Amino acid sequence: MNNLIVLPLIIPIMVGVVLVFLRPYVKLQRVISLITMIGIAGISIFILNRVQTHGIIRLDFGGWEPPFGILFVADSFAMLLVLTASIVTAICLIHAFSSIGEKHEKMYFYPFVLFLVAGVNGSFLTGDLFNLFVCFEVMLLASYVLITSGGTKPQLRESIKYVVINVLASWFFLVALAFLYGTVGTLNMAHISERVAEVGQGPLLTTISILFLLVFSLKAGLLLFFWLPGSYSVPPTAVAALFGALLTKVGIYALFRTFTLIFYHEPLISQTLIGIMAGITLIAGCMGAIAFKDIRLIVSYNVLIAIGFIMIGLAIGTETSIAGSIYYVVHDMIAKAMLFLLAGTMIYLTGKSKIDEMSGLIRNYPLFGWMFFLVTCSLAGIPPLSGFVGKILVGQGAIESGSYVLLALAFISSIVVLYSLLRIFLNTIFGETIISLEDEKPMKLGMIIPIVLFGIATVSLGLGAEFISVYVTDAAHTLSNPSVYIDAVMGGNK
Amino acid sequence: METLIIMLIGILVAVATYLILSRNIIRIILGTAVFSHAVHLLILTMGDLKKGNVPLLKEADAPYADALPQALILTAIVISFAVTAFILVLAYRTYQDVGTDDLDELRGARDE
Amino acid sequence: MKINDVILRTISRFVVFIILTFGVYLFLSGHNTPGGGFIGGLVLASAIVLLYLSTDIETVKKSLPLDFKYVAATGVLLATSTGFGSIIFGVPFMSQTFAYFDLPIFGETELTTVTIFEAGVALTVVGVLVTIILSISEDGG
Amino acid sequence: MSISQMIEFVAVVVIFLGSVMSVISAFGIIRLPDVYTRSHAATKSSTVAVLLSLSGAFIYFWVSEDFISVRLILGILFVFLTAPVSGHLLTRAAYRSKVKLTENSSDDALKEVLFPEDK
Amino acid sequence: MPAQFLLNLFIAFLWTTLQDEDELKMTTFFSGFIVGIFIIFLMHRFFGTQFYLRRLLSIIKLLFIFISELAQSSLLISKQILNPHWDLKPGIFTYKTELKGDWEITTLAMLLTLTPGSVVMEVNPEGDMFYIHAMDIEQSKADVMRSITKFEKAIMEVTR
Amino acid sequence: MFSINLVILIPFIVAALIPFSYRRFKKVHLGWIVLIVPVVLFVLLARLIPSLASGKTYVHTYEWIPSLDFNFTTYLDGLSMIFALLITGVGSLVILYSIFYLSSKESLQHFYCYLLLFMGAMLGVVFSDNLMVLYVFWELTSVSSFLLIAFWNHRKASRQGAQKAMLITVSGGIAMLVGFIMLHTMTGSFSIREIIASVSEFSDHDLFIPAMILILLGAFTKSAQFPFHIWLPDAMEAPTPVSAYLHSATMVKAGIYLVARFTPVFGADEVWFWVVSMVGMITLFWGSFNAVKQTDLKALLAFSTISQLGLIMSLLGLGSIALQFGYSADSVLYTQATFAALFHLINHSTFKGALFMVVGILDHELGTRDVRRLGGLMTLMPFTFTIALIGSLSMAGLPPFNGFLSKEMFFAATVHIMEVDIFSLPSLGLIFPVVAWIASIFTFVYCMIIIFKAFLGKPQQEKLDKPIHEAPIGMLISPMILVALVVGIFFFPNLLGQYILQPAMSSIYPTFGDAADLTPKISAWHGIKPELLMTIAVIIVGAILFKFLKLWKPIYGLFSSRFTFNVLYFNFLASSVSKSNLVTNRYMNGLLRHYLLYIFIFFIVTVGGYLLYFKAFSFDISTNASFRVYEVCLVAIMAVAALSMLFAKSRITATLLNGVLGYSIAIFFVIFRAPDLALTQLVVESVTTVLFLLAFSHLPDWKKEKLSKGTKLINGIISVAVGLVVVIVGLSVVDFNLYDPISSYFEDAYELAGGANIVNAILGDFRGFDTMLEVVVLFIAGLGVYSMIKLRVKKEDENIEDQ
Amino acid sequence: MIEKILLASLTLFAISVAIALFRIIKGPSMPDRAVALDMIGVNLISMIAIISIVLKTKAFLEAILILGILAFISTIAISKYIERGTIIEHKSDD
């Protein structure tokens, strides 16, 4: 039964490889990959519910007991992310069907997406730090390919930077792993946590924890986000949406995991430093979001704001604020994917990318326009859309712990988000219509459907927050109480 | 020995850092290669050096050298190879299409 | 004067067989001595690389009409499906089993699922390496 | 000193000879004036050096551990086979990439065939 | 000739089975092979061809030539390197051979390369002309001319 | 009893139906259908007035997110009833009016959809007991207001006005939200009723004042209080029915509602009194002062609205002082200010609604709202004129109109406050009547402007595009009903007082016993009191000022236009954008080198800094393994090879040096007893070299690095520092020996996994999962390289991506 | 005694490697460097053989053969690169 939790990783991989053999049959590839993602979403729901009834599920690969083998650990936090990632991917795939082009599709586009998902899911699920590195690499390699797929000049230009910076990040990851192995002599995260707690997190271990902070911050785009705006604004729309939704979340996940499970003993790092970094990220994101006229840049900097916001939840570190961050992560994955799809579709429709070059799209594409408005409200945290619950809980945590600066930054950022997106909305969606009926590119059904699906998701996630609250509460509880996780991993065979 | 190797690692890291800060893409790629050399040595050094025999049970007797870091390095070597291959191709594809191997000329358009 | 690669070609033809044999040996012997899927695969791949180096792409294609992408894909499928097999048998994913058999000719032989797994690894390594090298070489020339 | 110890000692001396040979050839690599003459040092002395040390090792393992290493034999064979080829390929490449012969050189039979225009 | 080899294998196998042991042993097989060699040597005239191990002998002979050339040349080059007054005249000269076929040419080229003071640089497209770099052109030319017929003969013994 | 929750939901449901069904109503103006909603709701609510007047309240809860205590709880009491009646009542009239105002050619489905959205949201605001739900509806009113202001979004001014309104009100909303969360932190409850019930327990909490200020920020932005008033004039870009409805009668009063609602929570605090009343007073003055200079009638009404909202706000502030004193016979006097506030709230909606509709009529029929182009309409548009006259006079505070009554009460309240002696400076209280009086003069002046400039004097047909004519009857019905109310309330004020205002007073003063005590008897004539004298003085001075308007109007020129709040707002936005652009472009400059430098500096500063500052460095060479000479040689070789890479003049040299490094590392793997590693390293290194060579045939040889000396120096320093940090941490880690690694377990590999090669057993079995994924990594790379090479974009496909 | 000689040999081989490294750094021509690299490979083979004796293990004998193979392949690749600029051709000229 526990084998179930490897499925979110192994199915995409195997299906991806099979699709390589099905190269010429594009339609078949589409159907199979979509079914795969929906299937994984279904499995994830099942696992998520099982976690509620049976507690954390773990799978020792090869039957080797922790800490000796590699294992997957499915707790509510991980599964929530896996579930959201699967849903987001499925929807982005639908968009890709009509936007990515047959040439790309025949160049293994779907296998790469599936590998990306596998890497992402693996990163969420693994309970072994070195395996996390490997899962990262699966995800990264796939992302390297996807970011260049198409091979336009800007893509090549940005992907070089993206790849080099990520290679450096991976290097730091290995250095950190080496140091950690040199000190605590183990790789299993729960076991590391036990050992770190046993001796107390002395200065050396804290130094190493900063190294992990550096690594995961690079992935998460926390403070070290320089690679992000460029690389998120060049790939094809569906890919950009996937990136915007998934990639940084993996880093965020890792930060949450390591700094709640392992290195939670030194608040100077786990709270103050992360708090400062989150704050700066937020400010930089806000500045970037209003600085530019290129839609893709505006959207990319909005990613930073969300990262800062989510990390503030960790920096505050109360159970409430962590729950808030979890809500917000789930929301952000959906809303960001939607935003990226909208931005990309807008560029596709007009052939322009600057906000002052387009206008009045609402006349030509009313539904599209309203979806943009919806996502604007959602990302600005306007209730009852999905961003709202997380925002309140983070705020609540901040007030309870007296982190007023972070509180102020977090909430002011919502205004900037609103401003930056309203600027797009008012300039492009509203305004004098510039596209005459003859020049109007027809809106492909395959492009608007995923956007609407995301729209429905963000509304229902807000209105139906109660449905996921039980999972979020459990996830936050596990994160706030490391012993829950440790007991599940180290507490004998299940 | 450990101290000596760590000093060497330090030099490798410094060289790699200097290389990766270059403008030329090949230098940068070489920088990443040197980085991986350094970290492979580092992982090995973090297990105890020379404190045991070859980890082949039929070949030698206990004590054995720490085999886990060796396995990790093996994985790391293969991964860094994969990445190097990719980045090399990326570099020359960029050169073919954009016409430069100079990162300063790959800044991209500014948005005012 | 045109280049005459006769020496290189002749020696390589011979050397390639040494390397191939050695590669298979490394692949099989990994269980008890250094070697295994990776190294075996790498060495096999270098043999093929040597073929390419000493002759040319077309010649190798004629004598080795394989699409190495599919070789690699088969390898990955093989490696993953040994893991997947465990799911069917209801044991933890990636559980490897091993047993000793007394076979004629080979004597006491160990048969393990790891070997299948490693075969997958080796195939992938060969497939990927050759794919990469071939793709670059075929490009624009 | 038993026979086997003596043979072991001889093996080690063979190895040592190899190392001396190696240093000499390395010295040649610095001393000789151009790449062609240096490749003489590389293909000959250095090959001999490695053959000596491998043979020494082979003998040593044979005597001290009663182990006939096919891998070492193969290694020896391999070096023996490939060293001249390497020398050939490298000098050819050097000439074709227009690396100059040393000033002292007298004849150059290749020049008229390969680069007649440089005359 | 392959027929001789197969027959030899068969004899060895027969020998092994005749030994009637519990298990197959490499050593038994090996001894059977040697027995086979002996039998075939006696009977080789029946086949109307040369004894197949003759070629092995010529190969071994060739190998010795190789080794001795290598030893000489390495000594020579060591001497040249260590000679404080280096005043040799290097150069490139040609040599036309009568050998044909890839294996023959290759073997000869390798031999020449291992000969003291010379390295084969090029083979012409027709495959009958070597361009040889010599450490000291006068001496090497002479050396090569002196020993080359010996080499060619040894090679042809193996291949023809 | 139907649930109040349904009252909120009905407009939303109808709004949601409109986009799907509006096409069916081609023949009928959509407004007629929509009109049913507010009328029905009004009737439904009105039927509850008697029971509310008898002290009943209605609570109903639907669970929304019970685990977070966000529940859809509605609470109908006197206070919410006033607002609900305004929302549905004025809503009905406005929709009726809009049927004639908006032609069927406009996208009515949008208009009514937004309007219903707003109506539902606004009802939600006033009925919600749960703070979070209140916030939901609060923001929804901002959103719907945004949409309505931007209704004619092809106009730039509309879009800008909408953006400004949305930004300011949503920002305020967010501040308010934080305040709400603070309240929850203090009380553990989101229910307003529960919070009010537990006021005494948390009024000395540290967060009490911050929460108060934040909530007031929400109220002030929404109610266009100084200095947040700047959005309201721009919001006049909306169609006039919207201005009449949202931006004078209802939405802008949400802030008033909020202040009234929270008076029982915060009112007992002195800060509340000062902030609310002073902000109200300033707004009152500033609004009326600025209204006078407007030439656009709608802008004039906008400033007038600002001013009147200030008036109501200040009254609520003044009324809160009663809570400071606690319930006593004396303090009841001060509650009259609150009473006046509620009274004026209703009155304002009536006369201002009517006036907006008048302006709408002018705009609609004549095509302009500019007083300079109007004049002499009295005779040509008699009905419109009558309405305008009544509305203006009521606004100016003249009898026999309801405005007179509430303004009198306002003056009375300011006079009462003057007598309160709790202030340390006794003369400070004088501010209130003085400001009130001056503001009223300006109010009088601009009311006269409406009457005289637009309707009296000579008609100026030449300045108009359309002939002057009376509006169709349909457009006149709604304003007529409103002015009828203006007059009606003047004559029967106590009906209103008893049924509507009294229950509301008990909501605001829940601790003040019998609400009947708090309900003064309103009478038009109550003897010659200071307030009456003040009114008379207003009329006299106002008339003089109006007469000599031209003489003193230049005063407005004294205020530099560069420092108006409006300009400040725009400058702030513009400079944020340009500064952000400057700063972001500066560090996000697209240079990989800089990005990497940031990362390295972060590494050096945090990792190195922490290590050194907290003295984590420890070093002991004695535990080290021994070393041999040749190993030192190898180390030296590697170091030299590495360093030479920096100076290599050609890429092949560097690649070969990298190969030397790789091979040497393989030797170290041998020395450190790692046979599998040595093998792998050797092969991988060679294949990598081959790859480099392959790629080189597609790349140019490298040129000398064109880096300035300074750059090189920085690079050098950073590189050395990075190396040093790694060394220091590495040495410390080597010295850290508290744990045995877990790897001794793997030494049983033969028994456990059937392999004698431990490394291989780890790779194939113990950690086979890593290996499996590693194979996948390799596969992705291979496939990726293939697709990257094979997939090329044709030049023409590269359209905008290339910019 | 034996070990001392072996260590001395190792040191000598290491010195040869160092000298060859000098040639790689100094050049002047590419073939010079290639010759030196080839030599380094060959010397490393010897070193592995000797270290195997010192460590009394047969675990590294595979490495000897591998290094031989790879040094050869690298040399071919480098020389072809120097000579033709490409190391793998589509089709031979003949």
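By written order: A, B, C, D, E, F and G. Residues from 1 in each chain.
The working rule: contacts are C-beta pairs under 8 Å (C-beta built on N, C-alpha and C of every residue); 3 or more make two chains touch, one makes a residue touch a chain.
In this text, all values refer to a predicted model and were calculated from it rather than measured experimentally.
Common neighbours of chain C and chain E, by the contact definition above: D.
Interface comparison, C-F versus C-G: the higher count of C-beta contacts falls to C-F. Ranked by how close its mean Cα position lies to the mean of all protein Cα atoms, the top chain is A.
Chain centres were defined as the mean of their Cα atoms; on that basis the chain farthest from chain D turns out to be F.
Taking the CA centroid of chain B as reference, the farthest chain centroid is that of F.
Rounded to whole angstrom, the centroid-to-centroid distance between chain A and chain C, based on C-alpha atoms, equals 37 Å. Rounded to a whole number, the gap between the C-alpha centres of chain C and chain D is 31 angstrom.
Here the CA centre of chain A is 28 Å from the CA centre of chain B. Shared interface positions of chain F, defined as residues touching 2 or more other chains, are 581, 585, 590, 592, 596, 671, 673, 675-676, 678-680, 683-684, 686-687, 690-691, 694-698, 726, 730, 733-734, 741-743, 746, 756-757, 763, 765, 767-771, 774, 776-785, 788-790, 792, 803.
Multi-chain contact residues of chain G, defined as those touching 2 or more other chains: 10, 13, 15, 17, 30, 34, 55, 57-60, 62-63, 65-66, 69-73, 76-78, 80, 83, 86-88, 94.
For chain E, the set of residues touching two or more other chains reads 109-110, 120, 122, 124-125.
Inter-chain contacts, as defined above, occur between A-B, A-C, A-F, B-C, B-F, B-G, C-D, C-E, C-F, C-G, D-E, D-G, F-G.
The touching residues of chain D, when paired with chain C in their complex, are 74, 77-78, 81-82, 85, 88-89, 92, 96, 113-114.
The residues of chain B lying in touch with chain G in their complex are 53-54, 56, 59-60. The touching residues of chain C, counted against chain G in their complex, run 2-3, 5, 8, 12, 15, 18-19, 22, 26, 33-35, 43, 46, 49-50, 52-59, 133-134, 137-138, 141. Every residue of chain D that touches chain E in the complex is listed here, in rising order: 21, 24-25, 27-28, 31-34, 36-37, 39-41, 43-45, 47-48, 51, 80-81, 84-85, 87-88, 91-92, 95, 101-102, 104-111, 113-114.
Put simply, chain E touches chain D in their complex at residues 66, 70-71, 73-74, 77-78, 80-82, 86-94, 109-110, 113-114, 116-117, 119-122, 124, 131, 133, 135, 137.
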